[in-house]
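Labels run A, B, C, D and E following the written order; every chain starts at residue 1.
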Amino acid sequence: MTKRTIRDLLGDHPFFADLDPEYLDLIAGCGQNVVFAADTPIAREGEPADFFYVLREGRVALDVHEPARGPIVVATLSPGDVLGWSWLFAPYRWRFDVRALEPVRAVALDGVCLRGKCDADPRLGYDLVHRFAGIMVARLESTRLQLLNVYGWPA
Amino acid sequence: MTHRSPASRTLEVKALARVEGEGAMFVEIRDGAVHDVQLRIYEPPRFFEAFLRGRSYTEPPDITARICGICPVAYQMSAVQAIEAACGITVDGALRDLRLLLYFGEWIESHALHVYMLHAPDFLGYESAIALAADHRPIVERGLALKKTGNDLVDVIGGRAVHPRQCARRWLLPGADQARAAAPVREPPAGA
Amino acid sequence: MKVDGAASGPVVLDTAGLAAAVETLIGDGWSVIAPTVRDGAMVHDVIESVADLPTGWGDKQEPGRYRLRRRDDSARFGYAAPAQSWKRLLFPPRTTLWRAHRPPPGSADRDAGDFVVQVATATPRYAFLGARACEVRAIEIQDRVFLGGAHTDPGYRAARESALVIAVNCSSPADTCFCSSMDAGPRVASGADVVLTEVAEPQHREPWYLAEAFSDRGAALLRRVPSAAATPEAIDAADAVVANAAAHMGREMPDVDLHELLSESLEHPRWDDVAERCLACTSCTLVCPTCFCSSVEDVTDLTGTEARRDRRWASCFELDHSYLHGGSIRSGIRSMYRQWLTHKLGTWFDQFGTSGCVGCGRCVTWCPAGIDITEEIRAIAGPHLQEVTP
Amino acid sequence: MTATATATGPMAPMVPHRYRVVSRHTETSDTVTIHVEPLGDPIDAPRPGQFAMLWAFGIGEVPISFSGLPGDGRLGHTIRAVGTATSALAASEPGTVIGVRGPFGNGWDVGDADGGDVMIVAGGLGLAPLRPAVDAVLAERDRYRRAVLLIGTRSPDDLMFHDDLARWRGRLDLDVQVTVDAADTGWHGDVGVVTTLIGRVPVEPGNTLALVCGPEVMMRFTTRSLIDRGLDAERIRVSLERNMQCGVGHCGHCQLGPELVCLDGPVFAWSRVAAQSAVRER
Amino acid sequence: MSTDKPSVAVWKFASCDGCQLTLLDCEDELLEVAGEVALAYFLEAGLTSVRGSYALSLVEGSITTADDARRIQEVRQASRTLVTIGACATAGGIQALRNFSEVDEFRSIVYAHPEFVETLGTSTPISAHVRVDLELRGCPISKAQLVETISAFLHGRRPNISGRSVCSECKERGNVCVTVAGGTPCLGPITHAGCEALCPAYHRGCYGCYGPADTTNAPSLVVRLREGGMADDDIVRVLRTFNAYADDFRDASEAVAAGKGAE
């Protein structure tokens, strides 16, 4: 079995579907394979968001810590999802705690590296922001539905 | 509530349940003589005399009925007579008879209420007519039947037992009832 | 002058013949129901003889207004739709569907106890005398609702199957009538046992009736009453009565595809306009001869030993009509009115293969706000009608 | 004159059949599943997706779908106690006799998925009417290719049918995914609305039948996600709720435009009701 | 009296006693009711002792004094279920006509010594003060609805009380519409059902004693009353009787009084 490169892994991931191959090369240069054991922290609220993760295997949870209740899970992400957009927007800090629910394999992409490449090539920047905006729209909609409490009984 | 001493005592009734209208009574007796009497009417004022001003002459009977739900006919009739007096009208014949019947119905209902449901339990040492019924059900049932007769009379002439509307047309036009033969009004609830 | 079977030709009845028909029916145990005068309007009621029929009475109906009037003849059926329809009798405003009993309180197995269900089985035997074409059509439409689907309504079926319909071709449509444009009148086409055409003579001479049997039961009835064979002149005279009625329809439903128009007009501004006038009082739905909505009420006695299920007329103008999960789907008058009109004239086709409107005009006359559905349709149809309406 | 009614007699379908509660299982804080068996004439055998009118003596009648059809004449109903009648039914201990009318409505028509994939999407209590559909698929598993069950609910505590879930998850030929709207870290499953699950499973749009049941908003968003994934609206089936009182299309309360939900539904192809569902009532 | 039966209390505020009398007027059901519930406080029936808490409180009358405003809080706290009975408790009653005037003037007109008379400036419904579980309409309430409510309470079901209009009951009863066929002004189209269309059945227009229906369009009815020849003063008065302060009636009468909505 041939070893798959970061570029191969990114190229197969739905988030980068139809991305200009030239950009794929560029982005792959900022990436590295990472592994997290089950139940280990991946990121912590307030910390610098230096990376985002392209999830390949295993699910992760986004938690909010509430003093009286402990961590509350606000979302889970699965292989095929992309974790983290804080690297793209100032002040580049994580908004949630992130935890591996299962053994996780992912490609970590260096945010600082990628921001530099986006600044150098606004077309790449536009493409990436566009992709993240799509994800944000979907997550916003999901969040709104969660807030609706559709399964609850009208008071 | 009674505090006894040989020649001095205080009677305090916080709610005079045997008369209509809400009042409390306080009687203080010292050395065998009434020393102080206080009657406190705490029934909230409703100002009928004030808001009747400016109403049409057709309206007082319906409005004054609401002074008392136990004797609405008395107030309606008073209003009717006052208006008729003001207009110089005298009513006689069948209409007067119907009014009397309406009145009689109210009297029967009201007296049965007082005799059977209020006074009898007092005289016989029961907390209420319902407690009385536990020992003397047929008597209470008789009282209720009498009361119902009075109410039925008001209902037939006035349309309903409380705040009737002098709707005697059904009586005056017997055919109107038969017209409803094919169209039964709702029947009373089960167990009624 | 013998009539043999349903297909036999028409006969002529004079007053004595009509009276004999009523007597025969009563003698056979029918409750004969016919229009009578009560409280300033025509209402259906039990009659004991032709003398109870409203001889010489007519009506004047306008949006939101009904008045009786004296006719200058002695017609017994010289008026348009009475205040309410025959629906009252076939689908009564309030019915007890069944009762159930369970052991009285204190019984060992009270809470887990079995219960027994009983239903009322009394079946009325109605003869409807004087039903109009629009009304007979309305009965046929309710037949589709209550009898035409996978489930039949037992109470309706019992009353309907026994009911004898002696219809009358309409001679005197009101200003609010539009049965012609709904293809529901003024001539009775089907659904009756006997169809009469009343020919009123001037100067208060007795009217006479052309009678046609539409069923074996109808023919059998006509055979038992004195009659004369109908001459061609009599038939012509009767035809002229109906033709005259058709020519004097007070209103007209715009000639458009109502089903299509309404399904495309759910956001028409006219709904807001009519919602300003509509009182949501339910009158239109309850006087409508085809409206069939009902609600059930479960009732118990005080001890909880006896339970009863009642069914009563309901209306899409009631807030509770569309109740779901703590709220009502249609909570405003705009929605309620739109539901009524789009159902009556539009989606009724989807559900029962016919319009729900027969053009009897009751919803127009008895609307306390005087809302006229033909006018509402005209407003909604708007541009579609430019060539038709000035 | 009155007569003792047989529910199959002349007053059918108005008269309830007598059924005795034989078991009562608490699903969540406000939801129970009862099983009932006939005391006299049983109702006709129901199909998955149909519903019955359940009557608590003297209290009232409510439409409740069949959540279990063991096939031995017993009926399973999962009831959420929200009103007086549902509360009384949900509180019915074994031995209680209730009234049952039905079965009403059209059912899921699982067979429409013959030879293709089945995707079942349940939101909250919407799993109840889908449970017999899941079992129908599993009973003739060979007729279908891929089978997916996606379940969304408010919180882990609101999950129902734990035994069935364990059984379904134990099968290799059924892909079961569960997500909740909110959870603490004691929950190791997914968090997020049920539509997020749709993006995670492989879908062969031209060859998939989707059965969807849950609150109306959930169904609207779910159908949109399915359509985004390429499904034809005709191949998406939803089960709707309206104020159903008679069950036989006579009372008029459950109208949705041209549809009588009790008769034409409660299961509809989304293509048939999408436009009507978009009408704004106020 | 046995205590395992649910205890029922009847309370009176500013009112005429007619609604609570309706309970005693249920002659055929009264002893049966007494068999199912423990009537624990009912001054009109001679039961005067207040004990603890009540499963069901029937509240008659409106709040017109500071004392009563306090007392209703106590009643609410002592009651598991609180049902208001009648137009006073539900809408402020006829005495709410003061709300459209100056109470000081009213007081000086009626009483020789107004300084002895304690009252608030308004007569308000119970629901303006405490949570109400159910409102029984009517001036007075209907006997059938009262028995139905008690029966429903006993068996834990929703009472069959519809908020449709009086027109519904007229049609159900077979009445001929007094407005359409007789030109008689009638509040039936906007009035809550429950009386079984009593007045129209006797050829009188409905005078709104059950207050507004669930869904009303009073402004449209005002237009119709004007078309029928009623003067604005008359329209204001017809809307201002026993339910004058109920939202829909009040808004309509105030609009007419302010000269709004004139053609």
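Methods note: a contact is a pair of C-beta atoms (placed from the backbone, for glycine too) under 8 Å apart; a residue touches a chain by one contact, two chains touch by 3 or more.
Because the structure is predicted, anything quoted here is derived from the model rather than measured.
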Field: Shortest walk length in steps over touching chains, subunit A through to subunit E
entry: 2
- prompt: Given the two chain pairs C-E and D-E, which is bridged by the higher number of C-beta pairs in contact?
  reply: C-E
Query: Which chain has its C-alpha centroid at the greatest distance from the C-alpha centroid of subunit E?
result: A
- prompt: By CA centroid distance, what chain is farthest from subunit D?
  reply: B
- prompt: In terms of CA centres, which chain lies closest to the overall middle?
  reply: E
Query: For subunit D and subunit E, what's the span in angstrom between their mean Cα positions?
result: 43
- prompt: Rounded to the nearest whole Å, what is the centre-to-centre distance of subunit A and subunit B, using the mean of the C-alpha atoms as each centre?
  reply: 79
- prompt: Any idea how many Å lie between the Cα centroids of subunit A and subunit D?
  reply: 36
Message: What's the distance between the Cα centroids of subunit B and subunit D, rounded to whole Å?
response: 57
Message: By the touch rule stated above, which residues of subunit B touch at least two different other chains?
response: 179, 183, 186, 189, 191
Query: What positions in subunit E touch 2 or more of the other chains?
result: 29, 32, 147-148, 151, 155, 157, 172-174, 203
Statement: Residues in subunit D with touches to at least two other chains are numbered 58-60, 82
- line: Per the touch rule, the subunit E residues reaching subunit B in their complex are 1, 12-22, 24-25, 27-32, 34, 39, 42-48, 64-65, 67-68, 93-95, 97-98, 101, 103, 105-107, 109-111, 117, 119, 123, 139-140, 143-144, 147-148, 151, 172-174, 195-196, 198-199, 201-204, 207, 209, 234, 237, 241-242
Task: Would you tell me which residues of subunit E are touching subunit C in their complex?
output: 29, 32-33, 35-36, 147-148, 150-152, 154-155, 157, 160, 162-165, 167-168, 171-177, 179-183, 186, 188-190, 203, 213-217, 219-221, 223-224
Field: List of subunit C residues in touch with subunit D within their complex
entry: 97-100, 102, 109, 111-122, 145-146, 149-151, 153-154, 158, 263, 266, 292-296, 298-300, 304, 307, 309, 314, 316, 321-326, 329-332, 334-335, 339, 342-343, 346-347, 350-351
Contact set on subunit A toward subunit D in their complex: 59, 61-63, 69-76, 78, 80, 99, 101, 141-142, 145-146, 148-153
Statement: The subunit C residues in contact with subunit E across the complex are 38-41, 43, 64-67, 83-84, 88, 93-94, 275-283, 286-287, 295, 297-304, 312-313, 315, 317-320, 331-333, 336, 365-370
